[in-house]
Structures are given as C-alpha cells and as structure tokens.
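One chain, chain A, appears in both complexes that follow, with chain B as partner in the first and chain C in the second.
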Partner chain A sequence: MGSEQSLTVPGRYKEIKRICEFIAAGAAQAGFDDEAIFRLELCCDEASTNIIEHAYGEEDTGSIVVSYEISGDDFIIVMRDQGRAFDPALVPPPPTINLDGTSADGSTGQLRIGGLGLHLIRNLMDEVRFSSDSREGNKLVMIKKLEAQTGKEAS
Partner chain B sequence: MAESIVNIEVEDLKRVELVKIGGRIDSSNVAQLDNVLKEIAGRKNNVVLEMSGVDYISSAGLRAMISLLRECKKQKGDVRLAAPSERVVEVLGLAGLDALFEVYDTDAAAVGSF
Partner chain C sequence: MSVWQEKLPQSDVWVVMATGRLDQTQNMNLEETLNALLDEGHYHLVVDLSQATYINSGGLRCLVSAWRRAKTNQGSLVLCGLNSRLQEIFSMVGFDKVFAIHEDCEAARSRPSSS
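Right, the complex of A and B next:
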C-alpha cells in the first residue's frame, strides 16, 4: 500500500498544527474515523512539543521531520529531530493525583513537563519506540493498528 | 497556514470568576490562556471554566488548568467545569485527571455550585 509521506518543519510551537494537519490528512486517507484522527493528532502534538521542549530545549533550534506510511495493518508515524537524546521510556508516568487539597497541591506541583504528553501517547498508540544515534539523531516511531478501525467500520 | 486560535472571555461575578474558553488550546497559544488564568488566580479563588467551545486541547492546556486548580486550592477555593466539550472530557480522561474537576452541564449550574 501507500508509500512514505514526509514533512519537515522548523522546531517551533506554531508549526505543530501543520504537523497535525499533515497526519490528519494521511490518517483520513488510511480510513481512520474522526475520533481516531483526533487521537493521532494529539499524539503528534505531544511528541512535537516534547521535541521542542526536551530535545532542542527551545524553539528555532532545529527542525522536526514527520513521516507516515501504511504497512500491512499498521499506520506508522515517525518523528525525527537532531536534538539531545530523549528516551520516552525513561520518563515515569505522571503521579496519581489525590483529591484532597494538600495532596492535590503536592502532586499537581510535581507534574513533569513531558510526563502528561507521554502518558497520553502511551495510552493512545499501539506501539511506541524510540532510538537515537549521533548520525541520524532521535527517532520516535508510533504505530496505530488499522485493523480495529476497519473492523469497527464493517460492523 | 492558519494559526491555532483560542478565545477567552472573562466574567467577573460576585463570588466566582467565569472564564469562557473556545477554540484550540495547544502549546503554541497556551501561554495566552496561562496568563489570563494566572491573573485570575491572583484575585479570585473560585473559578468556573466554561469549555463547550473547545474543539482541541493538548496536555499543554491541561497543565494550565491544573496550575490554576493548584493556585485556587491553596486559597481554599476550587475550579469547576461547565459544559466541557467531548474533546476536553476525553483528554482529561485519557490523562487520568477527570476526577480532579467537578463538572456541571451549564455555566449557571457551575456558578451556582459555589
């Protein structure tokens, strides 16, 4: 099926919407419904934000390359950057937040910048992989199965 | 390319600040929302966020909401949600933060709850 489509944008918050729109168009073509497309956009938004905040440390320091392809039942999104290695696997999940005043204060105060975004990505994607090497930079692979989607359509 | 637009309207009521938020909240414009909420937290401890018009929210938006909640709780107040859109409810749930906020069907009900 489809060949790889790729987009390169400057590492800037305002460009993230472009990444989302690019992925949304590909996901729509692949047959995902609006709900699933929103979730894929959200994952790309969170991943891009993490690249700017953690890998590059600030805006306008490097570019973000996003690509997608369909391989069998997999919709594969790849995000690349040339910033510092940032392994999502090393970021702990956000803490559980208690509802009583004092605990909520403490816990919400501890929420990590990237913690929530990664938590969402892990919840929403079927597979998440990260690799980093000095030549190719950082590579985040996020995979969503089309299978469940087409099954839903058929019912 | 269209930029992400967030609309924010603030109504200063007697006991509560009613903030109507609409549009798209992401990392490109969350500073705008954050600034408004920080300013509100400085003068009111009870806040209602009316979010029926929010069609997209990322974790950046959630962090702004949590930060406001933290400030209000410190002053023995609270942040309650009125008519949050499906997207807001979904993202709060996915992040495991849905239990943090009391949710009401209308802004009148949320304001009246204080």
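Right, the complex of A and C next:
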C-alpha cells in the first residue's frame, strides 16, 4: 500500500458511518487491531461531526473529503472541507464536571460537544494538525503510528 | 441502535437500555427517552449499556445532560455494563469519576441510587 485512498461524502450525519467504515477498512488493511480501529473510527466520527456543526454550521451545506495513506510508520488520515475555518488548537479542553452536576468553570449549561470530541481526538491520535486557506479550505491531519501497534502486539 | 425502557418493580427506578451504536444519528433516540422520563418526574434512572458497542461525544453529552437533570432533582443516573472500549472513552474524558458505573447490571438494578 502507500497510495492515497479517498472518499467524498455530503456533510450529513448519516454519512459519518460511511467515513468510519472507509477508514476502518483501510486501518484493518494497514494492520491495526480491532481496538485501534475503534479509536480511529471514533476520531473520524468526532472530526466529521465538528465539520458539520462548526465549519458548515448545519447538514447539507458542503461535502467532506476523507483520505488515508501510509507513510513510513504513519497511518495518515486527512479530512477536508470548504466551510468556515475551525482550528481545533483554539478549542479549550472540556470543563471538568463537579460531582454536584456543575462544571468546574461554574457553567451549568450543556457541555461543548466540540470540546469533548477534540479532547478524544487529541488523546487517541499521535499527532493532530490543522490548516486552512481560502483556496484549499480546511484540512485536518490526524496521524496514528503503526509502530505503536506493532510494539503492542510484540509485548 | 434501539432504546428500551422498563420500570423496576416496587420502586420508581427506570431502566433504559441502549443497544448498538450511540452515534450522531441515534443519540436523539436515547436523549428523547431519558428526557421523557425526567419530564414525568422519574429522577432515578439506570442506563444499561451492556449491548452498546459504540459511543461518541454526542452520546456522552446526552448522558451527562440527563445525569445533571436527575442530580438537580435529588435523583441519580447510574450506568452499567460498559464494555472495555466504552470504559476507556469514559475514563479519557473523566466521566468515570462523574457517573456511578456498575460492571454488573444486576447490581445496578438492586442498588440504583448509589451515585
């Protein structure tokens, strides 16, 4: 393998499953186990949800292009959209929830879904990068090391 | 995903069972079920996730929102039966410290208020 595989879907919640299945198939071929594939699927789910909710603002406003490739020990997932620039690095971690039901920052409203999803992505991927320009749109790169997977199998 | 609900005998504890994938297309179903019970004043809930295979941040948010409403009304929302993948996700966002989580759903049914 090594060549880039790509899929384009409408920015719609029910299409996220297709993205997850597309990445799962590629990850299985790359040699990731079921646990790792589950985590990669979750990251793509969260990233896709963020694109629909934050970049496009709603469903059916634009498309999502997802691709993956293997480069050395890296399994590289790239997600592109043409929506508003949404830099994950600017999203703070989700607030800690107190046991009385309030957030540690004092808010009692709903948790920020984006914050929670990005928290998961940051924890589950080895590297996350975001870029945006007016010509190419938004580009989220998520990298998972195959090396870690091999090491896990060996231990 | 499907969502089932049942009332435990001789109590006002309701068990909600969510099966399959708790993703963006399905979370609404769980949210509506939990909100309907809370709207009716049933503030002691057990959510059985033993048949749930997946959860995303939307699913987590849905559970936290219901937990908050139950807690605000002196109730409880207890989870049970999480598989190892779901447990990992809950731990990663610190929700394992927020929710009372029982491995065994029978234990959760017998002690639903321990949160």
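Some points to look at:
Everything that follows uses one rule, which is that the second predicted complex is superposed on the first by the 144 of 155 C-alpha atoms of A that agree within 3 Å, B and C clash if a C-alpha of one lies under 4 Å from a C-alpha of the other, contacts with A are read in each partner's own complex, and residues count from 1 in each chain.
The rule is short, and it goes like this: a residue touches a chain if its C-beta (ideal position, glycine included) is under 8 Å from a C-beta of that chain, and two chains touch if they have at least 3 such contacts.
What you see is a predicted model, and the numbers here were worked out from it, not measured in a lab.
The superposition on chain A brings chain B into a clash with chain C. Once chain A of one complex is fitted onto chain A of the other, the partner contacts of A:D133 are absent, as it touches neither chain B nor chain C. Looking at the shared chain after the overlay, A:R18 reaches chain B, while chain C stays out of its contact range. On chain A, the surface patch touched by chain B in one complex and by chain C in the other comprises residues 13-14, 16-17, 38, 41-42, 45-46, 49, 94, 96-97, 99, 101, 108, 111, 113, 116-117, 119-120, 123-124.
Across the complex, chain B meets chain A through its residues 1-4, 24, 26-28, 56, 58-60, 62-63, 66-67, 69-70, 73-74, 76, 87, 91, 94-97, 99-100. Those residues of chain A whose C-beta lies close enough to touch chain B in the complex are 13-14, 16-18, 38, 41-42, 45-46, 49, 52, 94, 96-97, 99, 101, 104-105, 108-109, 111, 113, 116-117, 119-120, 123-124. Every residue of chain C that touches chain A in the complex is listed here, in rising order: 21, 23-25, 54, 56-58, 60-61, 64-65, 67-68, 71-72, 85, 89, 92-95, 97-98. Of all residues in chain A, only 13-14, 16-17, 35, 38, 41-42, 45-46, 49, 94, 96-97, 99-101, 108, 110-111, 113, 116-117, 119-120, 123-124 touch chain C in the complex they form.
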